[in-house]
Structures are given as C-alpha cells and as structure tokens.
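When the chains are written out, they are named A, B and C in that same order, and each has its own residue count from 1.
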C-alpha cells in the first residue's frame, strides 16, 4: 500500500509542477506575442495600404511619430514595473513644454531669453513634481493613481498659468533650428528619443537600481529584508518618470514651435497601451524598456496604418482604451491581486 | 561531523507570547559545529516561531541566545546574517525575473560596480564560485530563475544563504531550513540531503525542520522534539525511531471533560454530504467523504496535506477539478460561497483576521453577515431584528463586549471567534465547516467552543472539523480522516470509548 | 491589527478622530468660505448667486452619490466623467435628431431613455469586466475613460445647442422650488436620499459595507460579492448619465468634454464627505457636505475672479490634502481593487 500511495502522492507534486510549468509557458507566450502582433500589423497594413505604407516617406514619418510616445512610455515603464501607475503624463508634459516656451526667447515675454537654461529649468520643474509625487505616495500612503491623477490637474494648471491663454511662439534661433534639424535623414527629435532609450536600457540592465526595481515590483518584502531602501527606489522611479515626461514636453514643444499645454494631450492612453501591449505587466516586476519599444512600435504602426486607411480619428483614439482593456484581460494573472500601490 | 565539547550556538528559555497565547513557553536549543539538527513537532508546536526568532525576523518575549560565546540578539535578518546565521524560508524569496547571480548577490551589487556600471561577468564568475561551494556547478549563473524548477531554486536559496553568512571565511555558520522538502520529489530530496551533508562536512551546521519524520531520521545527527511550545527533549538520531518520536510529539493526556465527551452522541445513518473522487489539481485527489447528519468528522493532516483545500472546495470558495459533491443524494456545484450558503453549507475560516471578521463593522453587523433572509423583509433590513439577534447571541455565547454596536477590532481573539460562531449559527446552515475554530483563543473560551460544537451537532447539524491540535481533532470527532500529501491515508472511528491513539493517527500524517 | 484592547481602542478612537477631522474640515471650510466670501464680496449672498450655486451643484451631487458607493467597497471609477460626457452629447443630439420625426414629448422620452440606457450598459460592462475578468477597477475604468471620451467626440465633436422646439425638455431645470432651491437640486437630493436609504437600510447596503470592510471575509461568509459590485457600477453609470442630462439641461447645449473635469471633483466631494479611498467607510449624507464644500470653493473662486487656470491647481492640491487626512496610515499598501 505504501508504494501505491507514494506513486499517487508523487503525482500530486508533479501535478503542481505541471501547473507551474503551464504558467511558465503562458509567460513565454506573452513574451513573444508582442513581436508577433507587430509582424502581423506590418503585413496587414502593407497589404491593405500598399505602397503608401511601405514607402520611405512613411517609414520616416513613423519614426517621427514614435519619438515622443516612446520617451513618455519609457518613463511610464519604470513606474509600472514597480507596480504603480502614473496618470499625470499629459499634465507633466504640458507643463514642461509651456514653461520652457516662456523661459526661452519667445513672443509672449520678450525679456526672457534663457536659452538652454530655460530648457533645463523646465525639465527640472517636471522632475521636482516627480519627487513630490514620490514622497507623497510613499510617506502619506496615498495610492499612486490618486496622487498622479491629482498632479495631472496641478501640472496642467501650472502650465496654463504660465501663458494665461496667450500662446507664446518660440523665437530662440537654436531651438527653431533644432525643430528642423536632422541627421542622416532622421530628425533630431527622434535621435533624442533613441538616446534616451539607450540611457533607460542602461539604467535597467547595468545598475543596481534597475535590479532593485524588478525586486520591488515582484515582492517588496524581499528587498526590504536585505536592506534595500524600498521607499527611495520608489521615489527615484517617479522622479525618473517625471524627468522623461519633462523631456518629452520640451522636445514636443520645440517641434511644435509654440508653447501650449495641449502638447501633452492624447499621450497618456497610447503610452499605457504601449507599455501593457509590449509585455510589461501591471502587477510589476516583469517586462522592461525593450518590451516598451515593441509596444510603442505597435501603437505607432497601428495609428499610422489607420490614418492611411482614413479611419475616423476618434475611433483611433478609442482604440487605445480598448487595447488597454484587452491586453490587461489577456495577460492578468488571476490569482495575483494587483495591488494599486 | 566532529562534535566538540561546546555548542557554538545556544538558545535558552526562549518564550514568545502573542496577546494571550504562548507560541513558545521556554525552549532551549544547542547546536554543535558540523552537525545537522532536526526539529520536529506538530503544527503550532513552535518550530517556525523559534526559527524566525533565531534569524531575527521576530523578537523573543524573553530568553537568551549566544553564538560563539557572545550574546546574540538580532533585530533584523541582516544582523543575523552578519553573525553567520542564515535561513531559507518556507516561502520562496527569489526574484523570479532576475537571474541566478543577481539573486545570490541581491542587495550587494555595489561590490561589482565599476564606473557606475555593474560588471555582470564578474558577478557571474563570483556566483559560479558560490554555487561550486554547494556543488551546484551545473547551474548557469545567468539563467533566469523563472526558468528553473523548484529543486534548483531551493539549491540557489541555500547558496545565497551560504554566501551571505560567509562574510568571514573560516567561521562556523548556522543554516536554518524551514520545510525545504515540501515541494520536492524523492530524487530532489536526496540531492538536498547530499548538499546538507556537504555543508556539515565543511564544519557548518544545519537546523532542518520537516514534518516528514522519515526524512529527519535519514539525514540528521540529533533531533529536538517540540510540543505545545515546549521542548520535550532531544535525542541522538541513531537512538530514535518513528514510534518514539510520535510518542514524544503527541503523547498527551486527553482530558475527557475538556472535550465534553459525555455529550458525544452517535450520528444518524442518513448521509448528508458526500464527495466522490473529489480532486483539486495539484492539491488533493481521490477524496471520498461521507458526512452523516449529526456527525463531527475530523480531518487530520499537516500543512500541505490538502485538508484546507478540501474545505475551500466544500464551502464553495474553489471549484474542484475532478469528482463530484452530493448533498442529500443530489449532485451540486457551487460557484461561490454564497451558493454554498444557500444550500446550507458555511465555513468558519482559519485566518480570523484576514477572512473571518470584518474589523470595521460592529458586532451586530458581523453576526448578521450570513443570514439576509432572516433579518430582512424583501430588501429592507430590520434594524430591530439585527439588534435582537445580536443581543441574543451575545448572551448565549457570553461574548465579552461593551455592546452590540462595538467594533470588532475592540474585542479579544476569543470573543471575535465567538462572534464568528454566532454568525455561523445565526445563518442556520446545516453543515458547518470549522477550520481551526479554537486558534488563537484562550483556554476558557476553547472549552466553551467545544461545548457549543457538541450542542450544535446534537441539534442535528453536521460538522467537518479541522482541529488546531491532533488531540482536539480526535477528542471532538465521531470519525477521523487522515490526509497526507493530498491523499486520504486512513480513516478511524472515534466513538467515546474507542478513540484512536494519537500515535496511530500521526503515523499516517507524516 | 492587535487584539490588545488598549491598542485596539486607540485605533478605533483614532479612526473616529480622523472621520471627525475630515467632516469638521469640510464643515469649517464651508463656514469659513461663506463668511469670508460674503464679507469681502458684494452680492455673494445675493439671491442670484445663491440660486446659481445651488443649481450648479445638482449634477455633481448626483454623480458623487453614485461614486460614493463605488468607493465604499474599495474600488474607483475613473470613467465617470467620460460617461457623463457621452450621456450629455447623446441627450442633446437625440433631442435634435428625433424632433424631426417624432412628436416632441416622445423625442424627449427617447432621449432620456437612450442616455440612461447608455449609463446602465456602460456601468454593467465595467462591472462585468472588473468582477468576472478580475481586472482591477482603476485600470478597467481608465481604459473605458479613453473609449467613452472618444465616443463622445464621435457623437458630436463640437458644442451643439438644443433646438428651440425642444426647449421644454430642458426647461424643467429652471423650475424654482422654495425660492432659491431649484428643482434640479431637489431631485439631486432625492437621489442622494435614495442612495442613502439603500446604503443604510437594505441588504445591498449592508453587503456593501461588508465587502468594503473585508472583501475576503464577506465572500467566505456568503455575501453575494459579485452581484453587489456589478449593481453598484450600474448605479454609478446611471448617475453619471443623469449628471450628463442635467448638465445638458442647465446649458441647453452639449459639449463632448463637459464631463471630463468632473471626475476629480467627484472624488474630491466624496473624500471631503468622509468616504475613504480604501473602502469600508463613508455615506451618501457625508457626500452632500463634500459636494457643497466643493461647490462653494468653485463658486467662490469664480466670484473672486481667480483665474480659472488656478482652479485646476487648487482642486488638485485640495483633493490630495483631503485624502492625506483621511488615509489610514496603519494600512501599508492601500489595496484598490
């Protein structure tokens, strides 16, 4: 009787291991799915739109379009990796852009001419917001979605206050040229985005901070028990995200040529969708910037293709929300509760 | 395995009290260099608590510890690590999306950073050295933990602990292993034993906690037996047998009055609840239960035996993956505890704080949770009925509270449990699943609960009982089912004059 | 949480203190604002201004009533403002479109029915996705926020006025009751009263607080968690839709982004009224106070002539302050489900 029990009981453990193995298979599928989706999209649009999609002009256009969403999504990625979320994107971006346009040589405040210092100050303002968000979230125990949702309005407000409805046009020659500059056919703005991606990848893969982000997102008690300052990690993440949002605002405004809070409009949902679709899970501890690049590519190619097919712009924007819903539904781990931290 | 005269680690008279109950009542532990010490005892005997105190995750209420002759009083696990003590917890502590090397050196990355960049090659090489120390040369340091099986992860945890404690080489370290074999199969267990022996050969010591006595007998040099928070004794492994250990672990004088044995009646013949080949993938299978009206059926087993999961399935919290449940002969399926309640099945859950009571609600609100039909007319609740019901139960069960409106978080554990019981009884369910009903409750309240269970059953209800101790399970039940590793290993009748001995039952549990 | 009576009673008294501070915070804010503004500004307490102010609170009141229940059981619906926008444009477009083919009274009924059905189904969809597919409410409602914002723009991408022939469908908004209190506010208060009755005197309400207090325990105790949650989301959807209709009636026109700024205001009202983000506490009556506080601040700022751009900043800071006061700091890692 002992042998029978042993064999049957071994199979309970084997059943358990099998269950875990199945979950791992699901993980692997989730890992490769984004690339497959991108490939499918490219094929579908090549067939549906023909030459207008695969033309060199359109490819350059896609690279232009993905620059700012990429920078924003990079910042958001780190936040989502620690299991939080950042809803302040539109406000942060808008505020940085508006501030910068008021500090450099512009049409509204003719006495201001801070040049690159103005750019730097605007980005710093965003970063300061990020620090405050992090501190409020960590010290006052307010969930990240609430803090950042409030800051969406606060930052937007500050942004609008800076120009009070009279949109300043940028007159600084350096910045005006930067909007048109390009290097080997690719515009300067896109190069900035690529450089930032490299920096983020470095942070994620080659610093202790990057490793700690994964740990905090997986299970906070483990890094805490080893002496890692989990609170500082979180504050740093929100600061880094806000910094990236600020840069996005600045380069977006340079491209636009004028300062208005609207430069941040419509950035949040595609960014959220890009991060989730790329494979970075909302529960944290998984994914990374490489995943986000794929996600941003998917969203940009999708948008580009739909524009070529003359799909109603409002349907296109609704798509981000639907994609978020579908991606989360498909990838969520039903047994883990996503704690909104 | 040398044994010098002096133990290098000593714990004396360690007590740990948790508001009313004592997890540890004064235990001792000595560990000599180069030995493997086993720690056995029933659930709740205090083994895990002692380990957590040694590693600094909890502080003792009183008692002293010394290591290498010096006073030892760690406030955090890191301080324990610095003294050379490390622990592999029962819950996995690896970050699955990082690779092996990153996990081993987690928190110590600074040692490998050059010009602000982490030199992964250097870390991988160092990791390989650490793994070689535990003879795990075939684990590649840059593989993600996610892709490794549990046995490998266990070895990595041990390697990680060995690394963290060996800050100064040439000093004896103490490695604590809390139930490391619960998810390993036979072959993997043997590998683990080989590792443990190697650690001991190098002069370090291991404390090995396991509920599987055959394993403890195989790999340890000495064994400590704990019971009810006290140390029953220690013996050399070569002098120990399973029978002897059982006797030490559970030998208890069963107080017949404590369990109100005089009120125990035989159940009726009618089968109220039946399960056929019930199974939940990966947790238990082939479970056949026949619960008669008026019967107390006790389920005995260690943690991980599947008894908790069976309760979850029966009360509707989880859906079984195989088999069927029959209520009075008719097959039923529950999609939620609400549906089970409608059929008359209700569970009193084990973790009172997390799933038993609602702290932010009052006594009367908690009591009224499960019986909407009785206290409401249509959808409107009758505050009068709720109040009357609450007052009646406060009296009947002698719940110590300032009033029915008092919030649950004000009450003591025992009284909170009484509120949970009130709720269960107020729901007028026919079948009650009592999951560790006396956990965290003082002795006086325990006895009241036993009397209450007898009364419930004698008025026609049926009970499935998961006892806090083996003693309680046997004493209170008409019949006892034993589970081990997800399977039923035995059944005993437990009439008043024919209670099975605890030794018999325990032998089927482990 | 300790079972020790000493610490337990201090926890309960701390909870009470915190609840009181929040409620008195709102009360005192109202009093201070009323006194301050009436002293420094002429005509602040004039009938016209008060009438406007009270009428203005009606949409916010209704939507906050719906959201209160959502917050009580520990979730949130960020798409409320967007649902309001959709209902807003849907209502007006329906009126304008149907009046061509149907008698005016029928067109009105259709418009009401359509808007309310939208709210019903939007709430139902969100509830199902949250409950059955186990998607956390904040991300699910975030996704829907995007969808409904776009839907509103699809229905009408610019401001549209109600055609003259259909004006009676919105004129009820101006009916005065008891002088300054208009019909809208009375209706809103009735709805809040209804929600209060449901919360405090029905099995659904009892279940609500149980789920908010400890969802796991409620589930094990046999409380119908799933159906309760879905119903609450449906009610929230209906309230959002009703808010959109009220807004359309107030301005006699619609705009696709009408509802967007409301989400933050609704959360502010609920929190200022004593409803905690973590769930388990709060009531519709408290929300009334919160709504008046918010309305007073809004109206006061307008009256003083503060740039509307400051309002965003003010409300953002205000909401954070209110939540910071009301958050139970002993809970590590707030769980918003």
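FYI, contacts are C-beta pairs under 8 Å (C-beta built on N, C-alpha and C of every residue); 3 or more make two chains touch, one makes a residue touch a chain.
Predicted model, so just to flag it, every value in this text is computed and none were measured.
Student: Return the chains shared as contacts by chain A and chain C, ordered by label.
Tutor: Looking at chain C and chain A together, the chains touching each of them are B.
Student: With chain centres set to the mean of the C-alpha atoms, which chain is at the far end from chain A?
Tutor: Farthest by centroid: B.
Student: In whole angstrom, how far does the Cα centroid of chain A sit from the Cα centroid of chain C?
Tutor: Here the centre of chain C sits 30 Å away from the centre of chain A.
Student: Mind checking the centre-to-centre distance between chain A and chain B? Centres are C-alpha means, answer in whole Å.
Tutor: Centres of chain A and chain B (C-alpha means) sit 43 Å apart.
Student: Along chain A, where are the residues that touch chain C in the complex?
Tutor: 85, 87, 136, 140-143, 145-147, 149-154, 156-158, 160-161, 164-165, 220, 269, 272, 282, 312, 314-315, 317-318, 320-322, 324-325, 328-329, 332, 334, 337-341
Student: What residues of chain A sit close enough to touch chain B in their complex?
Tutor: Within the complex, chain A touches chain B at residues 5-6, 8-10, 12-20, 24, 27, 202, 206-208, 211, 214-215, 218-219, 222-223, 225-228, 285-286.
Student: Which bits of chain C are touching chain A when the two form their complex?
Tutor: 76, 78, 129, 133-136, 138-140, 142-147, 149-151, 153-154, 157, 264, 267, 277, 307, 309-317, 319-320, 323-324, 327, 329, 331-337
Student: Spell out the residues on chain B that touch chain A in their complex, using ranges where they run on.
Tutor: 57, 76-78, 93, 95-98, 102, 106-107, 109-110, 113, 116-118, 120, 146-147, 149-150, 183-186, 281-286, 306, 484-487, 489
Student: Which of the residues in chain B come into contact with chain C in the complex?
Tutor: Within the complex, chain B touches chain C at residues 19-20, 315, 317, 336-338, 340-342, 346-347, 349, 353-361, 365, 368-370, 372, 376, 379-381, 383, 407, 409-413, 416, 423, 427, 440.
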